[in-house]
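Across the two complexes that follow, chain A remains constant while its partner is chain B and subsequently chain C.
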Partner chain A sequence: MSPDPAATAPAAQRGQGVIHNIGYRGYEGPRLGRSYARRALFTQSLRGAYGLGRSAKSKVLPMLLFAVVALPAAIVVAVAVATKADDLPVGYAEYVLMLQPVIGIYLAAVAPQAISLDLRFKTTPLYFSRPIERSDYVAAKHAALSAAVFLFTAVPVLILYVGSLLAKLDFGDQTTGFLQGLVFCALFALLHAGIAGYIAALTPRRGFGIAAVIVVLTVPFFLISALQGIPLSDGDSSSTLVGWLGLGSPGTLMDGIQSKFLGGTSGFPTGATLTNAQGISYLVVFVLLAAGAYALLLRRYRKAGL
Partner chain B sequence: MFNPTVARLTYRALLGRRRALILCALPLLLIVVACAVRAMNGADDQVATQLLGGFALATMVPLIGVIAGTGAIGPEIDDGSVVYLLAKPIKRPSIIFTKLVVATGVTAVFSAVPVFVAGYVLNGNSQQIAVAYTVAALVASVAYSALFLMLGTLTRHAVVIGLVYALIWEALFGSLVEGAKMLSIQQWSLALAEKVAGTGADVTSDVALPAALVLLVVITVGGTILAGQKLRTLTLAGEE
Partner chain C sequence: MAGSRGRSRLWITSVSPLRTAAPTGLSTLRGTAKPPHRLTRTGQCGTSVGDVTVIATESLSKRYPRVTALDQLTVGITPGVTGLVGANGAGKSTLIKILLGLSPATEGTASVLGMDVSTQGGAIRESVGYMPEHDCLPPDVSATEFVVHMARMSGLPATAARERTADTLRHVGLYEERYRPMGGYSTGMKQRVKLAQALVHDPRLVLLDEPTNGLDPVGRDEMLGLIRRVYTDFGISVLVTSHLLGELERTSDHVVVIDGGKLLRSSSTADFTQQTAVLAVEVTDTEAHPDGTKALRTALDRAGLSLRAAGTDGTPAPGAGHLLTVDIADADDGAVYDTVRDAAAELGLGLVRMEQRRHQISEVFTEGSGSDVA
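And then the complex of A and B:
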């Protein structure tokens, strides 16, 4: 806005300073609101989990781990095609469980990046000064982490499925197996992302977050697997005990669920299948763990100072 | 070579405040499980080797090694406070040596001692199993500390790379690909345990003892020298 010459001329003659009214324009455009902010937080966190929109250096690790988890699937398919097998050498859910250490490391690298860094650089107050609530932030971060892990596990499963169709394996069998595999991936992602997210939210230090996530995800798994491998003198009670022990770690919990409900083969040392009572308690523990991790994460952000 | 002040600072960085409690959790878990197994199953050599070899030496020792080894130098480089240490008239290799001694000590105390206790609880050191695994844990903690300390000076992602080595290379590939076992600190230290344990005990390694000893010395000395060299030419990177 140019100043009005008629108004400024007498002021200049008097030799005094002037204050120009250049006007203040309020923002009148559309306000995108809470759900838009939530969606943006979700997509940014999800992209960040694969290093998209970040520096080239931070793309290396997620992409490398993704290659590590996807390549064996292609090899499995190649083997199935070459040997003209009637079935894939590895089941869909079984494949995911086999590569658990890789998924654990991926989560350990990604969860602190998505969650701890906001705490470390104190950006959470900035988020909460926007029209989002605590629950929106937690929901967006949790959903982003879950989606990242789901993609991480579902893509290899998809490769297996496409490969099995190319190898002309039985269509009906493979489709059921594939769908069960996808359900498994979703459950797996929900549980593991919840646990890793909560642990990452406990510490603002990235290094500690990585170590803590990996410890919680893998140590119980190795411990329970070692315990399950111990043969008891009484064979009958041994195989039920193996089932109950499996409740003790996220990995064995998922193994039990897939072998009982999703038509997979059990990865337990004795190949034990679960009894009905065990199956139900596996589901109950799964729901408790998944919901509990989410509730704890929600609670973590209750305090304003963090 | 050894600088007491650097040692004290490193020790405080590793075990100060709540961190000692977190590091305690793993050994405690091992001892509790050992007690439970003994109470339920009685003394059994096979169970002892399974638990000590399958859990303690395969998971616990490398994890504590990663935490102590990278934790001795990683966070300092990460937040840039290492410049205050580097500005002091102390030789860089002696900083690394001191940090290695502290990291090794912490790893050994938190892994070898509980392994020894758990071994005694599990079968009362029959066939020297407890002693064998304790020796293996001690040797492994030196090598792991040197390796992960070196990683800590080389890269900002030392924790992740260390975990990839410990969990994917040693545990996953080691069980699938025979050749991967040749390059595994776990197998090298098991070679020593095989020598110590009684002949009836099922402690086996895929690496011959002389080769294992040479490789252990090479990785420890080489890792320390390389870390010292790296620290001499360290450039501090900003936050990504």
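And then the complex of A and C:
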């Protein structure tokens, strides 16, 4: 950095004339272009999702929620160590699903902050008048949001894993479970960040965004869970129906996927496992939802001009 | 006021142009486009296009399903400060969008800094700065953080971004405030930050959309001075839009007037000023001259000044009946002031006001199409 006379000169001497006499210096250095700008936007948005680089006030909620989501993991570990259990009381993916409401609140706080605010304060034209394209902007924001949720869920999973090793549980089992847990976190983050991001992009009003994200992420989940809880007389068809119903909400969708493919047990009321056809449908719906949310987000910005 | 009689000293005010309501009934006749004029860019080396044209459009049209925003616009803009004047909806913002490569033209071509807007949008946006008309600053971030971020979005490495931000904010006149959240800034400070983010990557051209919007007279003057300096001191060419011709006359080397997406006129500022400077005079009535205005009009007519009847353009301002407008375009100003003063004194009329004015744009438009302006 060059010396800054404005910062060192006493306030009284800083008349306009004095300052302006410094003269203008051009910039001859490198211009790093689109991909650099995209990365910079990603980093800035990711940091922003945890309140870093923003006011102290905006750090409170993300950090608090982060503590809420990580603390039970520490407790689970402590219990496992104290009771010398053979296995963790909760599976890695199940743990994430258990804390879904907290993750929902976190997303509701973060997605509108990352996305709605640029729309509300009309900052987007400043981005689009620069080398980055709209698709770069959307990619950076979506990736930042996904990464934020991934960190939010993967850190507790990591705590569980480290704890399980401290408790001298079976290394192979735990490592497999941990890796499956990480995959689950990534899928979970991708889907939820996409949905929350698109909802947040629909409204420039942060309050609406927060409410809408909470509603979309929680109401279908509870509705589907309630429906799944209605017992049918015939046990067999009941458990098949429960599986199909699970497609209806992001939460139950993720639950089904982890029970079928990632070695977990589902939280479905009957403890039903998915048939193969259902498993494939779950994957298809997952891909459609995640890709669809991203495509919609892209489309949302196609029209947003100067 | 009304008692300020003949021989007492006159207080001559020269105020900024009248800001009346948006012009109505604009003429759509086309003016003559002037060839690029002589200003060359200073302080920029190694640019092959630097001293030819900054912006060139050729039969540029933009049609939406129901509206034609730009209609066969052909204009060449040279280095310097260029004012783009037009009423709301005249096509100014559409033109800027096309120039930034963000919106394809329906037909015709346009190039910015020698680059084609339809194929080299990214490269254009790298060396062009844009200041939008509307508010665009998040309130919970400080000016420094915000401008650093915007510099990085323009591709500047982190260290350079910080350095350039400090420099640029100082140049636009933001000092200690730059560390405070922008939510608490005055409109003037916000406009400075908006300008700073457009300049931070040291562009070769900045597009400023209504930069004086919402500023008080002092802030307006400061902003106009700043815009002037962007070219004279920084060597960055400027395209500045406004719906007020008067303020652009003071800043710009060249003025382009568009209306309904068509080019009305493109000429150097000096030509405009010649055309538009008038002196507004208001006098009192006395017992000897029950209609003071009329008496003075006759006297001035006799003195050989060219008078314009106020309010003939169809939009009389309140009290326009008592206003005389005197052309000061062709004469040297001092003589006209003296003649008016002496005439009023001779008639024993109280001189209520005497101020230099510009016409409303609508008038300029009508005259521009009526008489041959070049």
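Points worth noting:
Definition applied: the second predicted complex is superposed on the first by the 276 of 306 C-alpha atoms of A that agree within 3 Å, B and C clash if a C-alpha of one lies under 4 Å from a C-alpha of the other, contacts with A are read in each partner's own complex, and residues count from 1 in each chain.
Convention: a residue touches a chain if its C-beta (ideal position, glycine included) is under 8 Å from a C-beta of that chain, and two chains touch if they have at least 3 such contacts.
Small disclaimer: the values here were computed from a predicted structure and weren't measured.
With both structures placed on the common chain, the touch criterion links A:25 to chain C but leaves chain B unconnected. When the shared chain is aligned, no partner comes close enough to touch A:166: not chain B, not chain C. When the two complexes are overlaid on their common chain A, residue A:131 makes contact with chain C while staying clear of chain B. Of the two partner chains placed around the shared chain by superposition, chain C is the only one that A:41 touches, whereas chain B remains out of contact. Applying the stated contact rule after C-alpha superposition, one finds that A:295 touches neither chain B nor chain C. Put simply, more of the residues of chain A are touched by C, taking chain B and chain C as the two choices.
Once the two complexes are laid over each other on the shared chain, residue contacts for A:58 go to chain B and to chain C alike.
With both structures placed on the common chain, the touch criterion links A:210 to chain B but leaves chain C unconnected.
When the two structures are aligned on the shared chain, A:33 is found in touch with chain C, with no touch to chain B. In the superposition on chain A, A:222 contacts chain B only, with no contact to chain C. Common to the chain B-facing and chain C-facing surfaces of chain A are residues 54-55, 58. Taken together, the chain A residues at the contact with chain C in this complex read 1-2, 4, 6, 11, 14, 16, 19-20, 22-27, 29-34, 36-37, 40-41, 44, 53-55, 58, 117-118, 121-123, 125-133, 305-306.
By the touch rule above, chain C contacts chain A in their complex via residues 43-44, 93, 96-97, 100, 102-103, 122-123, 125-126, 128-130, 132, 134-141, 145, 149-150, 152-157, 159-160, 162-164, 166-167, 170-171, 173, 175-176, 181, 197, 201-202, 229, 233-235.
Touching chain A in their complex are the following residues of chain B: 22, 26, 29, 33, 37, 41, 46-47, 50-51, 54-55, 58-60, 63, 66-67, 70-71, 74-75, 78, 157, 159-160, 163-164, 167-168, 171-172, 240.
Those residues of chain A whose C-beta lies close enough to touch chain B in the complex are 54-55, 57-58, 61, 68, 101-102, 104-105, 108-109, 205-207, 210-212, 214-215, 218-219, 222-223, 225-227, 229-232.
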